[in-house]
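Below you'll find the structures, each written out as structure tokens.
Here chain A shows up in two complexes: once beside chain B, once beside chain C.
Coming up: the complex of A and B.
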């Protein structure tokens, strides 16, 4: 599985969205991405990529696009 | 059936208001007996127990509008839940009692729109300013009694708040909480429930009893995720006679 596939699957499974919804997806733009969903998403991403995000990065992780930028800091290449 | 003259709403909303709480033993005929009041008081709020369709039907026929279900959540402190990730984040979040400057900031945040799903804001008969003023006055009234206000802090930045009071022996009620605008999309909303739990632990309390509206599913989800269970529910109807 590619990193992009793992990244997308994390969103799909955590937030109950479809792949077609990922582009432009932002915090609170769908029902599933509230504070509870956010914790689930971050935990899934940390497990998928075997990383531990800094608190500042968790706070800043406000969209599908922004998340990719953040994960690059953890050597996740898309 | 309990009738309360909600005189504080004259100050908050500029209307005469009566709040009626129906109990399971009450009958429709008791509402019929106060028809004059139901047709004349400017703003009436009726709280109805669940599964009383006779009351619901009576109110609907008399131009009351269903506005929310009010859910009473309770948590036995020993049942509080945090995921490993939440525990990790929570370790870097502190809370402290507010001073006057902190309270001023809180009131600014409320006026900016911190609360988005209350029955006043959602009611087109009232304004955003009235909804905000009502919250601020509620906090001030409670702080003038026994309540306390706390700020939630991350790296010396205030991210949110909660207000808190004791309502019975070992029982506490964090009656308002929220994240400030800058952190409203941070995912740290769980701290607005967790920090009151920590305060109860510090005070050696045993139970939290609090309320959430079904107009705010995010808060409902947050409560259930942290171990709260539904203790009771009321359906809330309102009517405007102006």
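Coming up: the complex of A and C.
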């Protein structure tokens, strides 16, 4: 499984969204991506990529696109 | 009396401020009860005494981790280390703290910030990372060391008391938020404990101190460590959100 597939799967399983919704998806733009959903998404991503995100990065993780930028800091390349 | 019942067999704990006093005794008690302890202190080498005082076969159970609890990046790194080496964390003891006395009217914002950074902000920082590991395993015990100054107040310690009162609030709130993940959060509020800090007090003052303690003696670090042992063990699996005093019925 590629990193992009793992990244997408994390969103789909954590936020109950479809793959077609991912581009342009932003925090609190869908019902599942509230603060509780956000922490669930972060936990899933940390498990998937075996990383531990800083609190500042968790706060800054405001969209599907921004998340990719942040994960690059943890050597996750797309 | 040292408790050694292997209550923590197979458990992994991170304890801050282990170079002396209460933290050192909690680390020793945990190891004697079967835990693997990531023991924290700031100054490299300051944990040597703790390790050397243990029976030789238990010394590998202490893993020294030297970092300043105020350095978020170093805090994160130690949790990454624990995750890689142990894959789980059963207990966090937030013991590291600083105490500075100042009368009302002489408390500067600098002093307040210094106390809050170590006694409160660092506690929350460590808890956030501990919860990441504990959430995955759906279990864990977080023990925050507060103080009787935080629960009852103490003259000349308005800033310090505020930080320790904040620790009680953090404990209650975190317990509510984390209960569904089976993570317990409790606080210990020691009274007057016989540590190196008290060694500078003259004998007259010491006798006066004892007059205010119902049991007529100072508390020992072991008294505190035994409660920490209970709270870290499965014996306390339904206890959360509590602040428990270890004070011999002291009047403050």
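Criterion: the second predicted complex is superposed on the first by the 78 of 78 C-alpha atoms of A that agree within 3 Å, B and C clash if a C-alpha of one lies under 4 Å from a C-alpha of the other, contacts with A are read in each partner's own complex, and residues count from 1 in each chain.
Please note the rule applied: a residue touches a chain if its C-beta (ideal position, glycine included) is under 8 Å from a C-beta of that chain, and two chains touch if they have at least 3 such contacts.
These figures come from a predicted structure and were not determined experimentally.
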item	value
When chain B and chain C are modelled together on chain A, clash or fit	clash
Chain B versus chain C as contact partner of A:65, first or second or both or neither	neither
Which of chain B and chain C A:47 touches, first, second, both or neither	second
Contacts of A:4 with chain B and chain C, given as first, second, both or neither	neither
Comparing the two partners chain B and chain C, which touches a greater set of residues in chain A	B
First (chain B), second (chain C), both or neither touched by A:34	first
Touched partner set for A:55, first chain B, second chain C, both or neither	both
Set intersection of chain A contacts, chain C complex versus chain B complex	43, 46, 55
Contact footprint of chain B on chain A as seen in their complex	26-28, 31, 34-36, 38-39, 42-43, 46, 55, 58-59, 61-62
For the chain C and chain A complex, residues of the former touching the latter	72-73, 76, 79-80, 83, 125, 128-129, 132, 135-136
Residue ranges of chain B touching chain A (in the complex, touch as defined)	83-86, 89, 92, 154, 183, 185-190, 217-218, 221-222, 225
Footprint of chain C on chain A - complex, ascending	43, 46-47, 52, 54-55
